[in-house]
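Consider the two complexes below, in which chain A is the common component and chain B and chain C are the respective partners.
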Partner chain A sequence: MELTLILPEIAVVVIGVILLLIDLWAPPEGKRPLIAAAAVVAGLVCICLFVFPPALGEAFGGMFVMDALALFMKQFFMAGAVLMLLFCYVAYDRLGGRVSEYGVLVLFAVAGMMFASSSNHFALFFVSIELITVSFYVLVGFRRESVMSLEAGIKYLILSAFASAVMVYGIALVYGSAATLSFDGIAAVEGGLTDNAVFLVGLLLVTAGLGFKIAVFPFQMWVPDVYQGAPVTTTAFLAAVSKAAGFILLIRLVFTAAPETFRQWQPLLMIIAGATILYGNLCAIPQRNLKRLLGYSSIAHAGYMLMGVSAMNAAGRVGVLFYLVAYMFAVMGVFMALYLAHGNPEKDDIESLGGLHLRSPLVAFSMTIGLVSLAGIPPLAGFVGKFLLIEAVVRDGMSATGGGHAWLVAVAVIGILMSIYYYLAVVRSMYRNAPDARAKPVSIHVIGRIYLYLCIAGVVIFGILPGGLVSWIKGVMTGFGS
Partner chain B sequence: MIGLEQYLIVSAVMFGLGLLGLVIRRNVLVMLMSLELMLNAANLALVSFSRFNGDLDGQVFVFFTITVAAAEVAVGLALVIAFFRKRHSAGVDELKSMRL
Partner chain C sequence: MSPLLQIIGWPFLGMLLLFFVPRGRARIVRGVSVFTVFMSLVTALYVFIRFSPGQAGFQFEQTLDWIPALGVSLHVGVDGLNLGLLVMAALVAFASVCISREVKTREKEFYILLLMMTGGAYGMFAVLDLLFFYVFHELALVPTFIMIGVWGRGERRVYAAYKMAVYLSLGALLVLVGFIAIYVAAGAESFDIPVIAERLQSAPLSESTQSWIFAVLMFGFGILVALWPFHTWAPQGYASAPTPVAMLHAGVLKKFGLYGLISIALPLMPAGAREWLPVLAWLCVGNLLYCGLVAMRQKDLNLLIGNSSVAHMGFVFLGIASYQFLGITGAIVVMIAHGLLAALSFGLSGHLYNQKPGLRIGEHTGLLKEVPFVGTALIMAMLAGCGVPGFLNFVGELLVFFGAWGVVPWITVVCVWAALVVGAVYMLRAIRYMLHGTASNSGLNDINGAWLRMPYALLLGCLLLLGVYPGLLLRGIKPAVDNILPASDVAQVMNRGEVVDAMPITVGTEESGLSEMEGSENDSK
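Entry: the complex of A and B
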């Protein structure tokens, strides 16, 4: 039965629908326990996904593929969903009585991401992207009493819908030249299309649309405003989980649908990766708003991961997946700390973090650990991720005929040095400056405390002992791509 | 005789007009309409490729695109209305509360 293959997606959607229905009759004081219950149920689904992994196979005429890579990404997204629902529970005062609606949208977006990780056909590819983005329009503009949040929502809507239109036009051109929408079918006829201008332009438009979703240069202009204006929970979700969905789609497109064409486009991908790293890091340096700074730095992180994709080898793909895991723990920890440190949702200045270690040592410490890992300082997980990505590029450079990719490695290292500067500037202003006299001590809910410990543990454990996760991901990647 | 080429030219012109509208118009509602035009240009290309390739996949894909475009506009209009209530304008020049 083919439906058994999509059981994880069905489970997520059913949880979402039931949550939406119960919310209709729930009294105001029952809203917070309701989101906690949803988190627990999602946690059970997540544990089931790890302990009893579903069978592998293909469904719906090869449109939906459940391979080891898809399973790994589904486990990743499910873990992300649980973290997000817990974040909603802790950040209840920020989301108010509509917290269940928020949780439902998170679950629907996660269902889209799980479908995305299995997509092997342009129809599923497009519909899953749109399921993610349409959910995100609402999540970004969720605080409708705030002009900033609505403005971010409208900006995201216009630019993202534009990217979707470009992507559909690209899909139409690819379809016109390859006469099929299936990734396997395109790969089969790709050899005869390498000179076909319609096919190449179509593929370029699809890649550009996807580049918008993962926010690489020159499609990154929406990031700073959307990251700043969106509610802090949405910003965390956008940075940690939605970026992973964009990358899994890119990996599917590059290595399943058109491996030969992208092999020829390797210099282009590398130039984009280098430009993204430089742009993100240079623009992050002067920022005074922490959410905006993290937005620019997330552009740079997309650049590092694109570097891994552009290496065109298994080592690069392993690096990307490891980086996504490391990035999720670090970013979730930083945004939770940011939420706890700031009482006012409209003000996220770095200055107001001054003396945070006096108000709450745990919050300041987890913010520090997260930022240091993002900067890529050993022995944290971010360092291992960056090391794997750079190693993959070097390895491809040594196997390629002449040249190598020394310039890209140099750009990545310069980017890392710049990022160490601005991340540590945040840490410094946190520990060196005196706290604002009006700042209240931070009160942390016990779930928030556990959440912070979890993020710190993830970053530290995968940094000191990355071997287990790396060999797991290597196992996932064997048999995928060329 | 109208062939594939003519359909594709119309589709490319529609896409270009949509892009032009998106870039030069200053009202969010008109920008959403321009986006619809771009999506419909892609739909026209899909349907004509489908017709001339003798393959139904493209026409089925168009149904997905139409549905998704409707969902996008529904959410978009909701956002624009919520913003209009705050600022009494749907102009993009109002979208400037965030700066460095």
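Entry: the complex of A and C
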């Protein structure tokens, strides 16, 4: 009976396995249709997840929890998987004949993320992280012929493995002091452990490991190189979807496993958030390579979302989830536009975007919309997300329990200012400079065109009419956390 | 549907239509833009005429739920305060779309952005919801940066666009933080301004909360209005902007900050206002005196107008800082007058600049002979700028000085001196060195044809009409301003009934003296 609760995960894994099997016998020219078929099937699963949401409940002795939050995140990840498979279909030439292997790894990573959104136990927590990370080891270094991709893969492998080791050590310490790995169990005994150094160190190490996954300061060192070196599809996947997995795990950890400890650590989380915002934005300003710039700015975005977590209230969690949705549409659109604009995988600098609006108005427009939304300018979705996050921090700051968080709001405002500067610089070079005479005309596959429209629509609609999504997320969040 | 929603809706409708007009069909693009903005203007005039002045509260109200989960709704309504601003915005927007003929490259994109800016500007004056107020302003602001960067003029346009973007985004974000703080502190779970006002009336915020929120709002709004010492973005920005953008931004968008201070910061946080307004009073000396002195040194007509426009903001700040009836009424009148005047001046200087980039004061003399229409309009704009009676600016400045005299007499003295002496010096010098003298035959063309002259004539006509008959504008302003002032102060003014009664009379006496002034003006030509 409990298996029905994990039907979505089973479906994703089965699609992946079948894809892997068919791939063995598929002729080289059949690989691209194969990934399209996988995208269609994943799309059907995604639709089913929305139309016939699975029943809520707990499975495997409370290890796996299927609550409204988990369901929302699964829908989110499934939509991300569909977008990713479509991206692979369009960006076929970047992945060569191994595109269906790539699709399989994407699906396995998504299965890991779906498990992560339901994890209520440190064992599942760690296993799902490893499922995601191991898939990413391959995805990052997927372009074997490229030195940069391989370098990025090795960097990601070493640092990520190190982070996992730290995390598992932390989990061991927590287990040693709390004598349980279940989040509910830890929460029950947490009251007596607030001055237990072993427990606190363990929790701190777990948080540090998660901090690596979501790339917050001071665990962000891997981001620029990996973002720049990895294939563009992987970079988009890392930025838009994998970050969400890290945040859902963080939300589970902070609000289910050890709410009291993290309430005490609120200043720490806030300082990390503020430092992350400043670091990401400051480093993004001088970047000349667009993927690297987006890498640094993704650090800053992680900082904004961490700000929402650190507000320790329902408004902050609503803000984080909204921000994730807004961020996914914007980032996916920007990376797709980036892929379409650049014929050459090794060349991603901003200068070569010059005159893009003459080469392809649609690509330039969707990149503009995506970047402007990331900068948080109304009426796009990114603005609503930033608004919700800042509102949450102000709300906590003005409530009786909180101190004043004016400095964090000020840091966020300064960060947004800097991001407006560097995002607009990209927009400017697209619209003002003349195109390079050698630049090839942009040819867009019809799926790519639809994909761009979809991303633009997501960013614009959730910006102008955010009401539905906000009340949905609020509904998801009622009854969650303290 | 409320006519206010129609006013906001027309430009956005036009914008959507333009997306479907093929590239290169500039005539259709222009036609659609002029038509939609004209319809907004007609609707705004309809609202102006149908507005019943005696009635307290908002009229033409309508509320559409937008984000119920957060208590955001598209709530529109006008009272005596924003009515005049809305009509002014419609006039300026119509004029600036009409003179956008100068734009010859990528018209489609330009008009889409211009209509977006226009729609945002209408929206920010018509809505009664904090979040929409912010969003509409930002909607109008973002196209400004893009248009300066892409269609701007001069070598330093990129620098100017960035500087403006950074300054104005900082101001806007501070305002947003202030709004969020109000929303959270009021605890009404609503962004609706009347709802929040009612809530704060029954349960006012603590003084310390009011103080910091007011400070955040004052500096946020102040940056947006080029409050000294945060004004340096303005002259360079306007000098680099394409003419219609300079007109719309200096004329209309900049009023966002002032309108926000008057209609949101003052009534919601009276204790904070009392603490911070003295600071504002001192800073406004910086605007009037310092920027006036800077304007005296300018050799470029655009920079002269830009600096004088910053200086004029000082009047409005002074009126707000006086925090009493005459001063605030005067501030509103100056806002409207300055909107029309800034649009007119930037339009004219843009016309000259397009023919002679880098036109410097003193290089070309005798413009009155060479280009009589532009010269005449420019001379009238400059006279209005130094507060000559007969123009609406005079009425507003007078009211501001009357209001401020009782509150901050010494600052008022300095400001009067700065406005009347310094202002007259730079304006009259510009007139002498540019407009008078022998014609230098520099090959400038005048604006010919009734249709092309119409936007300028419209702005000038409104300045004169309202200057002669300001009562038209001041209908219904009293209940609105009473709402802004703390209840005790209103009662005090009521007791000294003669002050209130005296106002229409002051206004009346100006009319009698007006014909002579106009006569002398005509002589000078």
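The definition used in the following text is that the second predicted complex is superposed on the first by the 478 of 482 C-alpha atoms of A that agree within 3 Å, B and C clash if a C-alpha of one lies under 4 Å from a C-alpha of the other, contacts with A are read in each partner's own complex, and residues count from 1 in each chain.
Keep this in mind: a residue touches a chain if its C-beta (ideal position, glycine included) is under 8 Å from a C-beta of that chain, and two chains touch if they have at least 3 such contacts.
Being a predicted model, the structure only gives us computed values, none of them experimental.
Participant: Under the stated touch criterion, which partner chain does A:Ile416 make contact with: chain B (first), chain C (second), both, or neither?
Facilitator: So A:Ile416 only meets chain C here.
Participant: With both structures superposed, pick whichever of chain B and chain C touches the larger number of chain A residues.
Facilitator: Counting residues of chain A touched by each partner, the higher count goes to B.
Participant: If we overlay the two complexes on their shared chain A, which of chain B and chain C does A:Leu85 touch? Say first, second, both or neither.
Facilitator: neither
Participant: Once the shared chain is lined up, is A:Pro466 touching chain B (first), chain C (second), both, or neither of them?
Facilitator: A:Pro466: touches chain C, not chain B.
Participant: So, does A:Ile377 touch the first partner chain B, the second partner chain C, both, or neither?
Facilitator: second
Participant: Please name which positions on chain B make contact with chain A in the complex.
Facilitator: Listed in rising order, the residues are 8, 11, 15, 18, 22, 28, 31-32, 35, 38-39, 41-43, 45-46, 49-50, 53, 55, 57-58, 60-61, 64-65, 68, 71-72, 75-76, 79-80, 82-83, 86-87, 94-95, 97-98, 100.
Participant: Contact residues on chain A for chain B in the complex?
Facilitator: Result: residues 122-123, 126-127, 130, 134, 137-138, 141, 144, 147-148, 150-155, 157-158, 161-162, 164-166, 168-169, 171-173, 175-176, 179-181, 224-225, 228-229, 286-288, 292 of chain A touch chain B.
Participant: Going by the contact rule at the top, pick out the chain A residues touching chain C in the complex.
Facilitator: 372, 377-379, 383, 387, 390-391, 394-395, 398, 406, 409, 413, 416-417, 420-421, 424, 427-428, 431-432, 465-467, 470-471, 474
Participant: For chain C, which residues are in contact with chain A within the complex?
Facilitator: Within the complex, chain C touches chain A at residues 65-70, 72, 131, 134-135, 138-139, 142, 145-146, 149-150, 158, 162, 165-166, 169-170, 173-174, 176-177, 180-181, 183-185, 209, 212.
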